[in-house]
Amino acid sequence: MTRPDGRRTDEMRPIQIIKDFTMHAEGSVLISCGNTKVICNATVEEKVPPFLKDTGLGWVTAEYSMLPRATNTRSPRDISKLKLNGRSAEIQRLIGRALRAVVDREALGERQIVVDCDVIQADGGTRCASITGGYVALWIACKKLVDSGVIEKMPLTDTVSAVSAGIFEDEAVLDLNYAEDSHAIVDCNLIMTGSGEFVEIQGTGEGRPFSKDELTQLLALGSTGNAVLCAAQRAAMED
Amino acid sequence: MTRPDGRRTDEMRPIQIIKDFTMHAEGSVLISCGNTKVICNATVEEKVPPFLKDTGLGWVTAEYSMLPRATNTRSPRDISKLKLNGRSAEIQRLIGRALRAVVDREALGERQIVVDCDVIQADGGTRCASITGGYVALWIACKKLVDSGVIEKMPLTDTVSAVSAGIFEDEAVLDLNYAEDSHAIVDCNLIMTGSGEFVEIQGTGEGRPFSKDELTQLLALGSTGNAVLCAAQRAAMED
Amino acid sequence: MTRPDGRRTDEMRPIQIIKDFTMHAEGSVLISCGNTKVICNATVEEKVPPFLKDTGLGWVTAEYSMLPRATNTRSPRDISKLKLNGRSAEIQRLIGRALRAVVDREALGERQIVVDCDVIQADGGTRCASITGGYVALWIACKKLVDSGVIEKMPLTDTVSAVSAGIFEDEAVLDLNYAEDSHAIVDCNLIMTGSGEFVEIQGTGEGRPFSKDELTQLLALGSTGNAVLCAAQRAAMED
Amino acid sequence: MTRPDGRRTDEMRPIQIIKDFTMHAEGSVLISCGNTKVICNATVEEKVPPFLKDTGLGWVTAEYSMLPRATNTRSPRDISKLKLNGRSAEIQRLIGRALRAVVDREALGERQIVVDCDVIQADGGTRCASITGGYVALWIACKKLVDSGVIEKMPLTDTVSAVSAGIFEDEAVLDLNYAEDSHAIVDCNLIMTGSGEFVEIQGTGEGRPFSKDELTQLLALGSTGNAVLCAAQRAAMED
Amino acid sequence: MTRPDGRRTDEMRPIQIIKDFTMHAEGSVLISCGNTKVICNATVEEKVPPFLKDTGLGWVTAEYSMLPRATNTRSPRDISKLKLNGRSAEIQRLIGRALRAVVDREALGERQIVVDCDVIQADGGTRCASITGGYVALWIACKKLVDSGVIEKMPLTDTVSAVSAGIFEDEAVLDLNYAEDSHAIVDCNLIMTGSGEFVEIQGTGEGRPFSKDELTQLLALGSTGNAVLCAAQRAAMED
Amino acid sequence: MTRPDGRRTDEMRPIQIIKDFTMHAEGSVLISCGNTKVICNATVEEKVPPFLKDTGLGWVTAEYSMLPRATNTRSPRDISKLKLNGRSAEIQRLIGRALRAVVDREALGERQIVVDCDVIQADGGTRCASITGGYVALWIACKKLVDSGVIEKMPLTDTVSAVSAGIFEDEAVLDLNYAEDSHAIVDCNLIMTGSGEFVEIQGTGEGRPFSKDELTQLLALGSTGNAVLCAAQRAAMED
């Protein structure tokens, strides 16, 4: 089998993380994973959701959206249908959980960071790119809080990144682009910390159920991919 | 460790599947998994979503909702906020994917079956109960289509069921009730076919990331649990 | 004339009131009037609507909804249309008024009781069943407030129940089921106290206007029916 | 007892019906009942709701709304809350049922007449004024259909009007204004045909339940009031 | 060229301003500009939008709507589509800006005046009539605040009115009615103070771009028209 | 007076137009006017709004939105409030009118082009940048239609661009950035064709009314600015 874009089965697409992409957000990143491009903006707000009032704990949440023409055919904006797209609702909950998994909410203190992930160009893997880029935006925002003395220490316990792995034409492949994703038989999103543990695993048999052996292969690919992403995040943060 | 309700770590709660619970739906089931109770009603509609028009293929979709007082405190109805609850949106997409995984959409023909899962009492595991009970409701509806000659053969390729497994007080346990679920460090929903393959895996580190070993334990518990559920489904269907 | 289900013109359908049907609500009842089944859950909330703030007076309100497949054909959920169904809006206002008519709002104190009426199976008379069952759920919730010493005396001044009466095939009949209701020429909902006075009367000429004589007949049937319902309520409460 | 505005207990407020109040509607009326003023505009549309397609039957429906400052304090517009006011929903269903009761839907043919009732000034009895004025607007629109040869005969079988009667300070009074309505113990809306039969009766014990005798008194007052309204309608139509 | 209704190119339609048109609003006006009729009701509220809290400054805002049958064909109400009409949104922002331009927000004090403009009959120029009539309603409400001693001096620094001018059949004309407006090549709304300065200019080439010379002609017509409107406002206020 | 960023009163900010910024849209542009950055994506759809069905005429429309953190403080997304922002509604109507002014709708044929303008960074003048950049995106999309033989000739009759001019600290200045815009006394948006005629003028006295002389100065500045913008558009299109 040859992959549509000629990559090896365990090869990631080129990753680019541009810091300070927009000027107003406390943390801003443009992440590209191949042709998938997502603007991740982190906003620090001095308030928390009602259920955290007076607990001393902070919160991190995410919102996810695509520009209408991020995809091959134009999708109407949510507001024109008065409904948050079901897929977007599912994805933004996933991003929020993934980021919170590496947040020390006591160290963050009673404030909220909202990470907006806006896909400007989609070619598969937008939720994974949002998590990987969103983490760096979150890190920049936290660093500003530390540097300006608002909080004492970085409230992040590890890095977090995400990559997809799937069964495409009966072979396990890493980091599927849209051409692969839309024909994958099994699709798995693997969210991992920099230290190699799992934060969330979502594996779905799109075309048929899958076996434990197949899952094991996909987990291995995911570890490979997340190691590459973690290195890219560290390079960007140290830059 | 003793579990709050005294079960062994690999012990399921009592399962009850009452067929023909309501009289209008083509397939109707009340499923109880311990104190969790869900009404699953399958409706056959002689139409398909626009993207399937004239393809000869059918569709199965699901809706999920809780009665306002299915939980310990009353939740306002979605309509009073004009927004589908984000958690419900995520869950009903999961139920739909799970059921479609065992549907032969060509054998179903160009019609749609909607499976409504309405939780009347919640005590953890409502999405899993919805899938397990929803499958039986779907099966009843399909059987009526076959028995009445509308379609030639059962359009279901296998059974599908779902169970949760998680790390509670540092031990892997099966089929978490609410008391356990709300304090679980890791939570995994395992959706499997009757023949023991995976349809979907969703594992989340709620309190901390988790290791591959822990995942392996949870997968094993899930296999145990789904075997029990599959037997309960078969008993109900043969009844 | 023979009624579709063979009842006498002044005969009620079998009534069943199951207390404590769900476990979380302060008051919970499943009421069956023939094939019509409604879950009535009463929730006590330690807050009142803004217009009652600091008045010392309590409030009782109701919400009414049908499961999508409570009826012969599936109705989409309100949230999918972003609109509360007009019929539901009208009915839940009626239920709230009916229950408040027997509430001593000073004795209840500054708190609110919400009575959720969710129809799981409909065969005519769902609004009447909601009032009759909702009263019992409200009574259970109030009793808990008294028993636990939150309030001093029962804040209910009487019982309240409701029944329909109508002109079907030119004869006045009591407690119409769906087959009768959908062809009734005149339809009347009669809400009465246990002591036999009227709380609300809604009489509508569906097929043609009606005379004062006809109204008198319907009122008499309503008295008969509500006496039966009141006895069923008392039996359930004393049980 | 003296009524707040000095009327006898069975005295109506002054009624004024101005025809052709606006220029675009097929039927347009400004009705004043005392200080209550409602613009009633009837629109003929050459289409019917889906459930009447190809039945040859017509439809009449109504919408009801108040200008934000029709009342003593400003009410926000429905659109600012994205919800149709519950009271408006209930009232416009009532107006529609009342008007349809005197419509020969076969004679109307497969078309729809929408009667918009917009309250520009409210002083009690707005739903009754809407029905009484709405009927005249509907009549004008129907007459144009006959005069222009679109339909053969008037599709109205009788007139219909509505008036309130209630128990105010323990006395039965006719046509309550806001000062009376807001303190009435029992409130009854009586919708009757020109030939004196009932189309709809809605009686509510606002402050306490009521007896059959009281109902009888209110029905008598309603007959008196509707006779006056019917005469006013006929005068306007013959003008 | 003869204008459809025979007016000279610089001739306004007849203007009528009826004060105290409805009885509840603090300021109420019915303005007619030819066949265009708008009810303008000003409501004084002892609260301000959040961004003005504790600033000592007041606010004036406007809402604009048309009755469904103000126009030749019936428009559905905003609430039936759950969306504020885009044109209405644009117009009510314009009315609010126009009125605020002559408000001394310090003299008004920390309170808000809402000016509701409800078009009951439309024949072109409804936004201009809303501004012209809305100003008088605002003036009446302010006067009551001064007369009752709530504020010390009139918080209005000048009058404001609005008129349209446009190029119709290649000639510049003043105060276009619907027949002209719907075929105008260039359409300009000119909002001016009583002292002849501009508050807002909106000129649009509907059929083709326009030149500076044409703009100059339209500005001159606008000055003529607004002088007439200002005189009508003063006459109404002094009456 | 010195402008906040040191520009001369008639000096534009640096303009950059990047073509083919995203890969899926038929026409895609990133326009920067100083720190204001807008993605303009043109989508060709083979359908028209209902009112143009079977007329042979095409349509061009626009949508405008800001990313939540395009501004200094985060704005919630429209969907979270279920309302299209009033300012966005006004602006997207303006962009649509501006673009249509240079479209030969007969030459375009019965199809629609939607121009999405998404502001990723805001520093004043976002509506003007949207029009200027949106025109180039529209031009690219039209050119593809011609090059691929779908239509015979370019359906654009001229270029169109927009710039703001205003009175800031009592001096007329061109192309206001946010620091100027938020304190401008008079603000004018001037939309002009490449041949120097007006398409739309919107001038507003934010702080005080303005005179004809001031308007004349602003119009002159607008001509200067639009000439610069037109040159930048032509350079991008010829590139």
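Chains: A, B, C, D, E and F, in written order; residue numbering restarts at 1 for each.
The working rule: a residue touches a chain if its C-beta (ideal position, glycine included) is under 8 Å from a C-beta of that chain, and two chains touch if they have at least 3 such contacts.
These are the chains along with the protein names UniProt gives them: A, B, C, D, E, F = Ribonuclease PH.
This structure is a prediction, so every number in the text was calculated from the model and none was measured.
J.: Using the contact definition stated above, find the chains touching both subunit A and subunit F.
T.: Touching subunit A and subunit F alike: no chains returned.
J.: Where the centres are mean C-alpha positions, what is the separation of subunit A from subunit D, in Å?
T.: About 59 Å separates the centre of subunit A from that of subunit D.
J.: Measure off the straight-line distance from the CA centroid of subunit B to the CA centroid of subunit C, and report it in whole Å.
T.: Here subunit B and subunit C have centroids separated by 33 Å.
J.: Could you give the separation in Å between the centres of subunit E and subunit F, each centre being the mean of its C-alpha atoms?
T.: Whole-Å distance between the two chain centres: 27.
J.: Where in subunit B do residues touch at least two different other chains?
T.: 82-84
J.: Ring order, please: subunit E first, subunit F next, then the rest.
T.: Result for the ring walk from subunit E toward subunit F: E, F, A, B, C, D.
J.: In the complex, go through subunit B and note every residue touching subunit C.
T.: 22-25, 28, 35, 37, 39, 41, 43, 45, 63, 65, 67-72, 74, 77-79, 82-84, 114, 116, 118, 120-122
J.: What part of subunit F is in contact with subunit E in the complex they form?
T.: Its residues touching subunit E are 82-84, 86-87, 89-90, 92-93, 97, 101, 158, 192-193, 195, 197-205, 208-212, 215, 219.
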